[in-house]
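The two complexes that follow have subunit A in common; it is paired with subunit B in the first and with subunit C in the second.
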Partner chain A sequence: MAFLEVKNLEAYYGKAQALKGVSFSVEKGECIGIVGPNGAGKSTLLDSIIGLTHWRGQITFDGVDLHGLPPRKIIKLGIGYAPERGNLFPFMNVKDNLLVGAYLAREKIGENFRAVFEMLSLLDERQKQQAGTLSGGERQMLSLGRAWMSDPRLLLLDEPTLGLAPIIISKIAVTIEDLKNRGATIIIAEQNVSFTAAHAERLYLLERGTLTMGGTPEELKGEEYVRKTYFGI
Partner chain B sequence: MIRRLRWWLIAIAVMCVLPLFVPMSITRLLVMAAYLAIFAMSWDMMSGYTGYVSFGHPFLIGVAAYVSAFLSHQEGFQPPHIVLPLYITIPLGVAAAVGGGMLFFLPSMRVRGPYFSLVSLAFMEILHRLIIAIRPEYTGGDRGLPALPAVVTGAVPNYYLALGLMFAVAIGLWFVTRSDVGYVLKTIRMDEDVVEASGISTYKFKRFAFILSAATAGLGGVFYTHYLQSLGPRWAFSATFLLDIIIAAVIGGMGTITGPIFGGYFLTFILEYLRPYLFGQWRLFAYALAAIFIVIYRPKGFYGIAQDVRGWFQRRRIRGEV
Partner chain C sequence: MEQILIQGALLSGLYALIALGFTMIFGVGGVLNLAHAGYVMVAGYMFYMATYILGLPLAAGFAIAISVSSGLAVMTYMAWVRRFLYNPVVVFVSTLILALLLEHIMTLAFFRENINVPPIVAGNIQILGYSFSNNLIVALIASWICIAIVLLFVRRTHMGRAMRALAMDRRGAIISGINPDVVNLTTWAISGALAGVAGIFYGSYTFLVPDMWVLPLIMSFAIVVIGGLGSIEGTLVGAHIVGFMETATVLAISDKLRSVPGLVIMIIVLVLRPRGLFGR
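For the complex of A and B:
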């Protein structure tokens, strides 16, 4: 059985169906990308995995059925989540924001702080700065760091490059490579297909709530529709 | 530590000797202010810290007050009424408020924001109607329960009792808010979903805040009722009483301990001195205006203003040193 297995996932916001029979799997140590335009259902997919939406179908993580589990129990199984735009606590400083993420791995708090500050040295310099005063890129890094503080076995990154300058995106890219080298299993949900293709071993194309294509970045680049629509080639 | 707490120590010292220098009428006002401060701190524990804005706080106060008043009422209603001493009825009243807090907590697991506020308002109204309609021969109905026993008699002893209670509640809540629990409660107010998505059981922490808030409200409620020596649904469940509590916390500064205390005293005195000019419904009108003004221009209340002034003096001092 795969590390994370999603089968026939359907999610709703009231009567509106956001995901229609989505199925994919992730192996341990793998980095996969879910790419698609705005409103395709990428965030809903990640929210469903951690139990923030009402969904039908089947999601299993390391053999555990996630149906009906509250978010805190799913996170306890070892899933870290860095939501879109960070969703930080703006009136708390950087260190306190990281501490919220550390709640589940209190016994490894020192070790995880060191790991996060090693990957994201900027956070180390700004430990006392209020999160609300950070720039967009810094917030994204803090969100990533907070997710890593829970010592996750699977990391979900929602739009890690959204609205960021190229120089900041390259810093996020370095961090993702660093996480991969540490053996992290990662799902990146992104609109930026080129960025995701550079880091993910497999890509899934999500459009209007349906996975329309899947394969290695090279395979997807081989498709004319993908090339034209997402790579602009 | 002493340096940090010096303003608190000065305030406590001043408050302790105050009855020696002020007329009795002011002492009585100070008693009312201390109880309003307790209610405001209690409301703030639930609403200011977790973000679940309660419009039904008098429900918790009322439950405690009615249990203690009903069991200690000296006139002795017809059997099966039993007259119990205050040292038993007061803890029973607080326990009833804790039970009420658990009831209050149930809707918070399903509804948030204005929906929770409306449900909490419904709690207050239901209790209000029940007390009037169900067995008024026991509850006193619309007239309430008169001639209740007092914990202590006289303005000055009551002043020290209220002051002691207020500081005990403030110190207790101060320790809670400075602990990890207080820290998590503040994060729940900011973004409950993210807290839950960090693996923290918001359920557990919210339940704790609700119970603590209810216990504090109950404690204030029973002592206040026995201070007044009467209890009626008209004041206990009135919109004015509810607004007094909320506005005291909002004016003072939500999510703080000092704020609701200051708000309680400020509101009691300002309302007393404005009484000849603001009566009846005009009071509610003034409340609404004050609340709108503060929420728009000074969401952190007087506490925020005090912090700004302090920051200004600090900056000035640093500039002077440079």
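For the complex of A and C:
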């Protein structure tokens, strides 16, 4: 059985059906990308895995059925989430934001603090700064760091490059490679297909709630539709 | 002037204690608990009953009063409020009704008579030539000890950080593994305990009567509006503005106008800065 197995997943965003029979799997230590346009259902998919939506179908993580589990139990099982908008705590400093991330992994606070500050040294320098005063890129890094503080075995990253300048995107790219080197299993949901293709071993194309294609980045680049629509080649 | 400063500081500490629990509930859960001042009143009666009617030691009186007010707050949340956290109007109206219900229960139990509670600490102390009751000084010290404990708890513990996180971004808190229900329940329990401490001292500062919750509620409301709903720092500043203005009014004009300055400042703040001085 795969590390994460998603079968026939159906979920609603309000009254609209956001996911229609989505199935895919992730192996341990793998980095996969879910790519697609805005509104395709990428965030709903990650929200469903972490337990924020009501869904039908099957999601199992490391053999455990996630159906009906609240987010805190799913996080305790080892899934960390860095959402699209960060959902940081703006009037708390960087250190306290990270400590909140460690709410369920208190026994590993020291170890994970060291790992976060090694990967994201900027957060070490800004420990006392209020999160609300950070730039977009710094907030994205803090969101990533906070997710890592929960000591995850699977990391969900929603639009990690959204609205960021190229120089910041390159820093996020370095961090993702660092996470991979540390053995993290990662799902990246992104509109930026080129970015995701550079880091993921496999890509899934999500369009209007349905996974329409899947394969290695090279395989997807081989498809004319994908090349024209998403790579602009 | 010296008397206004000292007396004002004493009253402000008590007001800060009452308003702190009120603002914590709003900050974390986004609802106003108007029964909060009712817990203050019930705690005053419980302390009086335990200590002066049943003759139990002071420590037992404290424990009973604080347990009852905290228990009432927990029951209010568990039995009713948690189902309506997304409907602040229902919570606003129903907790007002609960406060009135508590008033009627206390009227049935103790009648509508003013009960003078003997001071917890007897005697007076001379400061700068003015006489102040030791009871009020102890109330001030106890208030600030409680406030300091709450501030430390909120800033230094995981549960305290969880409370602040939930107040700032509910979704962010949930994806960090926080259980909003447990955090809300803890906040209500602490808030009720603060109301208990306040009730013990407020009862001996004034006197016990079943409708004694109305003035603390109005003052708490004014304080948190002035300071900024949900802001602990704002509540402490707001309590001192209201406490000093009230003391100055009582000493310089008339006791009958004691609540007027706080309400006038509240209206000015609502017009000029609706978020309050420290509101976000």
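Operating definition for what follows: the second predicted complex is superposed on the first by the 232 of 233 C-alpha atoms of A that agree within 3 Å, B and C clash if a C-alpha of one lies under 4 Å from a C-alpha of the other, contacts with A are read in each partner's own complex, and residues count from 1 in each chain.
The rule is short, and it goes like this: a contact is a pair of C-beta atoms (placed from the backbone, for glycine too) under 8 Å apart; a residue touches a chain by one contact, two chains touch by 3 or more.
As the structure is a prediction and not an experimental result, all values here were calculated from the model.
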Clash or fit, subunit B versus subunit C on superposed subunit A: clash
First, second, both or neither for A:R106, with subunit B first and subunit C second: second
First, second, both or neither for A:F89, with subunit B first and subunit C second: both
Touching partner for A:S150 - first (subunit B), second (subunit C), both, neither: both
Interface residues of subunit A shared between complexes with subunit B and subunit C: 50, 52, 70-72, 75-76, 81, 83, 87-92, 96, 99-101, 103-104, 146, 150
Subunit C contact footprint on subunit A (complex, rising order): 50, 52, 70-72, 75-76, 81, 83, 86-92, 96, 99-101, 103-104, 106, 146, 150
Contact set on subunit A toward subunit B in their complex: 50, 52, 70-72, 75-76, 81, 83, 87-92, 96, 99-101, 103-104, 146, 150
Footprint of subunit A on subunit C - complex, ascending: 158, 161-162, 164-165, 168-169, 171-179, 280
Parts of subunit B lying in touch with subunit A, wherever the complex brings them together: 183-184, 186-187, 190-191, 193-202
